[in-house]
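Both complexes below contain chain A, partnered by chain B and then by chain C.
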Partner chain A sequence: MRDQQSKFMRASHVLMLFFLVAALILSAIGAGLGDAFYIRLGTEALIFAGIGLSVDLLLGFTGVLSLGQALYFGIGAYASALVLLRVPSFWLALVVAGSASFVASIFGGLIANRVRGVYFTLISLGLAQVAAKIVYNTRELGASDGIIGVPVVQVDLGLLSVSSDDPLGFFLLVLAIVVALYTILSYVLETPFGRILIALKANERRVPFLGYSVWGARMAAYVLAGVVAGLLGALDPMLRGFVSPELMSFMTSGNAVVSVLLGGVGTLVGAIYGSVFLVLLKSVIGSWSEHHQIVVGSMFMMVVLVLPRGVIGVIHPWLRTLLSRLPPSLDRPGSPVREVES
Partner chain B sequence: MGFADYIQFVLAPQIINGLALGTAVVLVALGLTIIFGLLDVINMSHGEFYAIGAFGAFGLSAAGLNFWISLALIPILMVPFAVVVERLLIRRVFDGDGRHVSTLLLTFGLSLVLEDLLKVVFGPNTHSVAAPVSGAIDVFGVTVPTYRLLLIGLGAALVSGIALLIYRTRFGAVVRAAAFDRHMSASLGVPVGLVYAATFALGVALAGIAGVLLAPLYSVFPTMGRDFILLAFSVVIVGGMGSILGAVIAGLALTQIQALASLVISPVWADPIVFGAMVLVLTFRPRGLFERLGHA
Partner chain C sequence: MTGPILQIEKLGISFGGFKAVDDVSFEVERNCITTVIGPNGAGKSTLFNLISGALRPGSGRVLLDGIDVTGLSPRRMRASGLARSFQITNLFAELSVRENLRIAAQMLESKTNALLPVRWSRLAIGRADAMLDRFGLTSKANDLVGSLSHGEQRRLEIAICLVAGPKLLLLDEPTQGMSHGDTEETKEIIRSLAKEATVLLIEHDVALIMDISHHVIVLQQGRKLAAGEPAAIRANPAVQSAYFGRA
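For the complex of A and B:
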């Protein structure tokens, strides 16, 4: 069955494929030129795209704005750093970070999902602020300095092994993880469960009439979003060698929201494009002024005022029309195509 | 130390301190809650308006102006600024779909810009403002700094004034009517757009006053709004978004919890405790303690 939503996401898949190819080509050029700075910057952008994916899952699909997704990103990063300081195992760090953000997002979800709408937004913000403050004042977690000296880790991938201080290798690894998470999320959104999430955004009051639990779906989406942020958070200390309470701050969450808006809400791929654009922009501005907040803030306002659908949101409808004109033979073979027009 | 001494020298001063902070929190929360109650807008830049008030007090006192003059001048100066923000930013997305999210993001963007602008103009360091009155007064054996007492008194007068304005004047009736049903009010001849602008300006002016009043007590620095706004939001959520009575009661209660909690445990944990109190209230009353403006 192919409904409007699948057709909508098909345009995102094309853009994701384009992103993947462009990222591979650019990183190959970068490596050929012996560049490390831009490849590492790109890696950072991909890692922060994780919070963007997490925000977009909540805002673009279930329709609730979280201003505290950096909390789970930060929990993932701290868990990963603590593991790596003791056991230099990439996979263990990933599993611990995933589990920590899973448990934390269940707790957070129990609190935040009691309320909805703007209350949810403010509670999610409050949760992250309180957690950041606790970390900031806990000496065992390095307090305001954070945890420094996270060792370089060897990532054992079976046949080959990648070191986290190898710019190109680690970039490709992070790229693979982001692409995998994108694929998983877009698959989940295709399942009946995913359709409930989209129904929540469309009309939350009617969902129970159809026999589905609103609370359960909202919880599941919240936890899924938390784990996505946590998993990518785990990669951050591997790239940078340290974690700091800044990771959980309001700014980190806010940047993720602006990158989603910039890219296009509800497209998943927009979060990734937006994050890359924002990180590059901040790096460029940061090289000639320390006041990049003015630019980010103005961009925030401009996007809301002028480009509420984001950059990808502009390309998206055009791409969708193009895809619907493709000959049917290129359509998924064997699937009974049912058009549902909205 | 006996029990009476504990009350006289530890508990009572702490309660007074909490009350002074609470008064300012109530003023900030009052602006937030009125703006939400009428315009249905979450003003994320409210903390920066408060910071601008405090920096205004610093700037004017550095220019040699009397504190009382700046207390009167700053809210007046904030009004045109607020009207510009309301007209240029909020009005633009007000009638679009997803007003909550778009106005929240818009004011969030504004808060980032304003905070950085304060950094550009005044530098990232902390400043201090001299209190207009010094010394302390002995109240029933408890030594209270004069300025704190004055702050509490002024705050109480302001809050009562706002309550009178909203509940006892023609302007207040118009505001409440517009909050209840703006289309109906508009068709009855209420200039809704003007009322919105005026109410937004009132809320911003209140934040400015709170900034001026608190400037002599705490240091003035560019990110001060960010630290303060979370407490103000907690107050508004607990009190019920859009409720004036709720903002006053929750504001005083939460700051007392914070003040008294920091007597027993490390002040670091005071914030999580305030947050915990908020979560507790929301568990039983998800919409806060009191009803929205115009609905009660």
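For the complex of A and C:
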């Protein structure tokens, strides 16, 4: 029996499927036309969507705003770059980046989860700024220049092998990883643990009186979000061949929050759409004017004022209504037919 | 188990010199309904906060089933078998009625189920549906809690405490703001609770208190003024002047 929350997420799944199909078609057209620029731009958007997923897990489902998720993205990117300079193994880079962001987010979580609300937000921001400054001043990590010359890596997928400088192949690989992370996060939200997170967002004060640990759940969500950001961060040096301290900066964290709000907070899929909108917008407007931040900033304000639930937030309720009108045979029998349209 | 389920010994807390609860002692007998009454500001809700772990007592002890649980966190108190409701409705407004109950019931599931889909948690869903039926909320199961009427939300507030089978229920003004019909219905629900658990109640409705309580504790300005059976409390001259005397 599907409950209301599952039905809510079903609309996200349909939008994710649509995204996947559109991405496949567009990348096939792009490859057919011999384009590399837009495919690589799309890859970049998908990589940044990872920080968006991380932000949305915290903001949209757990109810805490982190302005420092780029910290874990950056740690994943640096860990990956350091591995690739020594050992050209995609999987090792991914594992090391995941582990590094896991350990880092435990430390970060122990500090940030001591407080809540706006204080949590400020600490998450502070942690990322401190880490970015440390990296900026560490010669072994390339200091302000970052690490350049990360070699092209062959990704061994068993039956076939993809090179990170093959635009289409790497795009498809990143797409598969983003879809996999989306699937994992949606699954987690369907478990009792995930529902505690949703309960925290709905009414944190009631949760301990039901016998559940607020701290434990928030900590687990924070670490999960950190690892998601770290895994996508690992892909960034493979795409661009270098890492720099800006990856951990407020700009990166802030952009992720903007893309989540743009796409639609609390839908997961909105983070992915939002990231694509934002990267495309910046690139297109950036090709007309140097001052693209002014335009992007103004457009962001317009979206927040006109569509407070984001672009996906507009489509989502409509899609939920549509899905609820599907023949009941598609649902397991036994569930009450009554529906809520919010 | 024998003996009182809850023992309160010289419990007290003060806020900046103001003694909100002062040297209060009493016992709650198993499968009984014990009601705490008193004028506004007498310290009833503060007493509940001290017992349920929302506030840490400044002095005194709380014993649940003979075990000292003084100052435990609300989560540990719930794990020890004490559930409480709130005077001001405190639910998950954006979630459905069934999901509110299911979340409260999932503590009964084994820890290994924490990462399996919720639709597989038969036990929690079964308990939630049993509560929906018992509290007359089945037709509202999929409605968002925020869309329920006040009376329905108050009933759900009790159901959420009961769903995971606590030993002791602390109900803080369950009939607050209810219509007469809803109050009557809730009264019968509370009466039925005493068969499976013990109820400690805060109430203002004198008729309801006299009807369903086995014991009554009267608080006034943070101190225990009197305690006893409803009839004795009603006849107590000190209580009459402090509380009933107004009427």
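Quick notes on this structure:
The definition used in the following text is that the second predicted complex is superposed on the first by the 329 of 342 C-alpha atoms of A that agree within 3 Å, B and C clash if a C-alpha of one lies under 4 Å from a C-alpha of the other, contacts with A are read in each partner's own complex, and residues count from 1 in each chain.
Just so it is clear, a contact is a pair of C-beta atoms (placed from the backbone, for glycine too) under 8 Å apart; a residue touches a chain by one contact, two chains touch by 3 or more.
Predicted model, so just to flag it, every value in this text is computed and none were measured.
In the superposition on chain A, A:261 makes contact with chain B only, not with chain C. Once the two complexes are overlaid on the shared chain, A:212 sits against chain C while remaining clear of chain B. Contacts of A:195 after superposition on the shared chain: chain C is touched, whereas chain B is not. When the shared chain is aligned, chain B comes close enough to touch A:301, but chain C does not. In the superposition on chain A, A:114 contacts chain B only, with no contact to chain C. Contacts of A:203 after superposition: chain C is touched, whereas chain B is not reached.
Contacts of A:89 after superposition: neither chain B nor chain C is touched. In the superposition on chain A, A:4 contacts chain C only, with no contact to chain B.
Interface residues of chain C, counted against chain A in their complex, comprise 52-54, 73-75, 78-79, 83-84, 86, 90-96, 98-99, 102-104, 106-107, 109, 113-119, 121, 124-125, 138-139, 141-144, 147, 160, 164. Of all residues in chain A, only 59, 65, 67, 111, 114-115, 117-119, 121-123, 125-127, 129-130, 133-134, 137, 250, 254, 257-258, 261, 291, 293-294, 296-301, 304-305, 308 touch chain B in the complex they form. The touching residues of chain A, counted against chain C in their complex, run 1-6, 187-188, 190-193, 195-196, 198-199, 201-203, 205-206, 208-214, 336, 338-340, 342. Of all residues in chain B, those touching chain A in their complex are 42, 89, 92-93, 96, 100-102, 104-106, 108-117, 119-120, 226, 230, 233-234, 237, 241, 268, 271-272, 275, 278-279, 282-283, 286-287.
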